[in-house]
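Okay, so chain A shows up in both of these, paired with chain B first and chain C after.
The block that comes next holds the complex of A and B.
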């Protein structure tokens, strides 16, 4: 137990120290420059407390998580079967890959006018923007997963004379699963990354909306930074949750540590 | 309180002009909206007069610096990256309350906001918008105060409609796609949809609130302290531009030709022309007097809207001395 605790301290302590140093530096810089625009860490904390007190914080977090969750889930449902198919069937890859490579680098902000035309200004538009941002990295990762399956696995299976279907189900999918999980981790990271851009057209809620609304207000950069910090912290926990998936027995075999 | 002294900025960022060999132009921030039309006219008029200056040493110069949204421009002004901008009046009130050293020195226009609905919609009276979805640029925009005024006139409250915030350039498309039932914003974003044929104005400030003000020339106090003559010249030129714009339709046509250029709004001249012509007083510029009661009204409306928390003294956010001392400049265009 003691061993475990000290290991944890060893892991967490350095980053905690760096974070403390950065926050102190931020505080000192604001105080010494006497900036009336840039808030101190304390003001940001107070802004968060204000959000908690007026009860809007949970609404914003819930709305953002719902949109990111839905957009990401749709992207997973779309990207993984498509990625597997594209990885397995050369013709599908040759046909679709160039199109996805063209669509992939387009920022969700560029999609906003089109999203409004197609989906209006409700929840659907931000969900679409999150979907479009996270779907392509997952397709690419899944395809790469299929393409990098070691030949000897396939040969071995062929020697046993298994059908193409069994090969796909019992060899390809387990072999690709670790890559799919990596792709999902990247995809969720991107989905959460674009939440601010996606919620530029959100109705009245979401952490992205909070930031944009606070910018529209006069001098409320405490709320802007509070929103940024909350997005960062939630991003950290989402990534942590995805890492837990990487620890799953089914995919564990692929990782060195 | 020491904050008033803060937001320090390097003096080199000050675009001082007076009496130097190399005349550095003052950057004046503005959005590509017709409420700001006096700014391109004033800039070009000043440049024309400078070019005609036989002495070869013009005193003042200013340039239009285009921004695509209020937050970006506000942040530049707050940080001192620009010293002057056409800002939203209630936003300036709020900024001075938060110790940002800025002052309103002139109006830029009057009127020029519209509430648009689809041509094929059944809406003929404002009250029919009850329960409908109406887009506004933001809760802090003066357009929202216009909408609130219309609501109050019909004994309605903002709770009776569904208010949606979105950038004005997205509004015509949103109306076209039936994502909103109406939108309330400044020109030319109403005219863009009207000219395209799918939208019509339901209400215009022209008919409802003739002395409506949204964009006002705002400068940082350092600029007032360091170069009063430059601010005075800019204000005189803007007042001159306003009178010139309202004096003859031909002048407005010239202004459209100037403003649609790449250096300025970079918009379809036909849409700008549409704003100028349909009807000719859709936006007006001739009366740029600063009237205390009008600012008080804007403040009260903003307080009712919850965007300003408490009364802010007029003297804190307005410096009327330039407008008072100004003789509207002749516009040689």
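The block that comes next holds the complex of A and C.
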């Protein structure tokens, strides 16, 4: 136990030191430049406390998580079956891959006008933007997963003469699952990344809205930075949650050895 | 006795930048029912391609394969391929791997059957282990059991034990011989290990460097268990090595 604790300290200590240094530097710079707009770390902490106290923080977090959750879930439901199909059927890949390769590099921000045109200003627009941003990496990963199934496994399945259903359920899907989880990790990361941009479209809730509104309503940069820090912390937790999936019994084989 | 496997004038080329590259050239031989035939040849001589053709995974450019007198085109449970790198599914545990081949079988006790074969190769107690929790030798046992459980008539073994260390290799040979004494199978074995071929096979066919052709055939008229240090085995080994272009005396 003692060994474990010291190992943990060894792992965490360097980044903790660097973070402390950066916060101190930030503080010193604000103090020495006598900035009236840019807040000190303490002011940001107080702003967070203010958000917690007046209860608005949970509403913003909830709204953002709901939009990201919905957009991401739709993207998962769309990308995984499509990716499996494109990976398995050569014709589907040849037809659809060029289209996705053109759509993929377009920044989700470029879709904002179209999102407003199609869905107006409500929850649907940001959900659509989150969907658009996370769907492509998941399609790409799933297709790559199918394409990299080792031939010896497919041959063994062929040798035992199993049905198509068994082939998919017991060989293809388990073989691709680790790649799908990588895709989901990337997809969720991107989804959370664009939540701020997505919530710029006039809405009255969400962490993105909090940031834009705090700047517009009286240059409250302490709230702006508080919002940024909260987004960072939640992003970290979401990634941590996705990492937990990598330890699942069904995909552990991929990471063993 | 009619031949179980008839390999009739098989040829195969791969296209390369330099044009067609012949890998197998006019190979013919028969394997009798219940016979163990070993094909030995230098690395890269086209052994694996020949095996894939015989097992039905690849099509020859010319020639034909007949099994029990019928033309053979597609892989099936009649003959299971065990390859060097193995193909035990890493995402299924030992029992699930063994039951994989029983999908669609009407057998009412698949689990019992799987466990019976796991025990037969010495994997009792490991049924719920995943492949990454097994040693190399145990993985080979699992692969052998997965093949045996569907009761194949033929075992196609492509360098099955060459990834194992010498001690484990020897153990697995004895394991295979024990299994074959309990349940008869026709075995086609590919190896580059002459001693392994003599240890296991009733007949050893020597292949030439690519494109593979049959250079020589040796009968191993020796009852099991075979004494590898015997004069007979040593002389045979030297004779086969000579055919392979290696002189060890």
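The criterion applied here is as follows: the second predicted complex is superposed on the first by the 254 of 257 C-alpha atoms of A that agree within 3 Å, B and C clash if a C-alpha of one lies under 4 Å from a C-alpha of the other, contacts with A are read in each partner's own complex, and residues count from 1 in each chain.
Quick note on the criterion: a contact is a pair of C-beta atoms (placed from the backbone, for glycine too) under 8 Å apart; a residue touches a chain by one contact, two chains touch by 3 or more.
Being a predicted model, the structure only gives us computed values, none of them experimental.
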| item | value |
| --- | --- |
| Which of chain B and chain C A:26 touches, first, second, both or neither | neither |
| Chain B versus chain C as contact partner of A:36, first or second or both or neither | first |
| Touching partner for A:153 - first (chain B), second (chain C), both, neither | second |
| Which of chain B and chain C A:201 touches, first, second, both or neither | first |
| Partner chain(s) touched by A:213 [first = chain B, second = chain C, both, neither] | first |
| Which of chain B and chain C A:168 touches, first, second, both or neither | neither |
| Residues on chain C engaged by chain A in the complex (per definition of touch) | 55, 57, 75-77, 80-81, 83, 85-87, 89-92, 96, 100-101, 103-104, 130-133, 150 |
| Touch list for chain A against partner chain C, complex | 152-153, 155-163, 166, 170-171, 174-175, 177, 250-254, 256-257 |
| Chain A-touching residues of chain B, taken from the complex the two chains share | 2-8, 70-71, 74-75, 78-79, 91, 94-95, 97-100, 133, 135, 138-140, 164-167, 170, 173-174, 176-180, 307 |
| Touching residues (chain side chain A, partner chain B) in the complex | 33-37, 112-113, 116-122, 200-201, 203-204, 212-213, 215-219 |
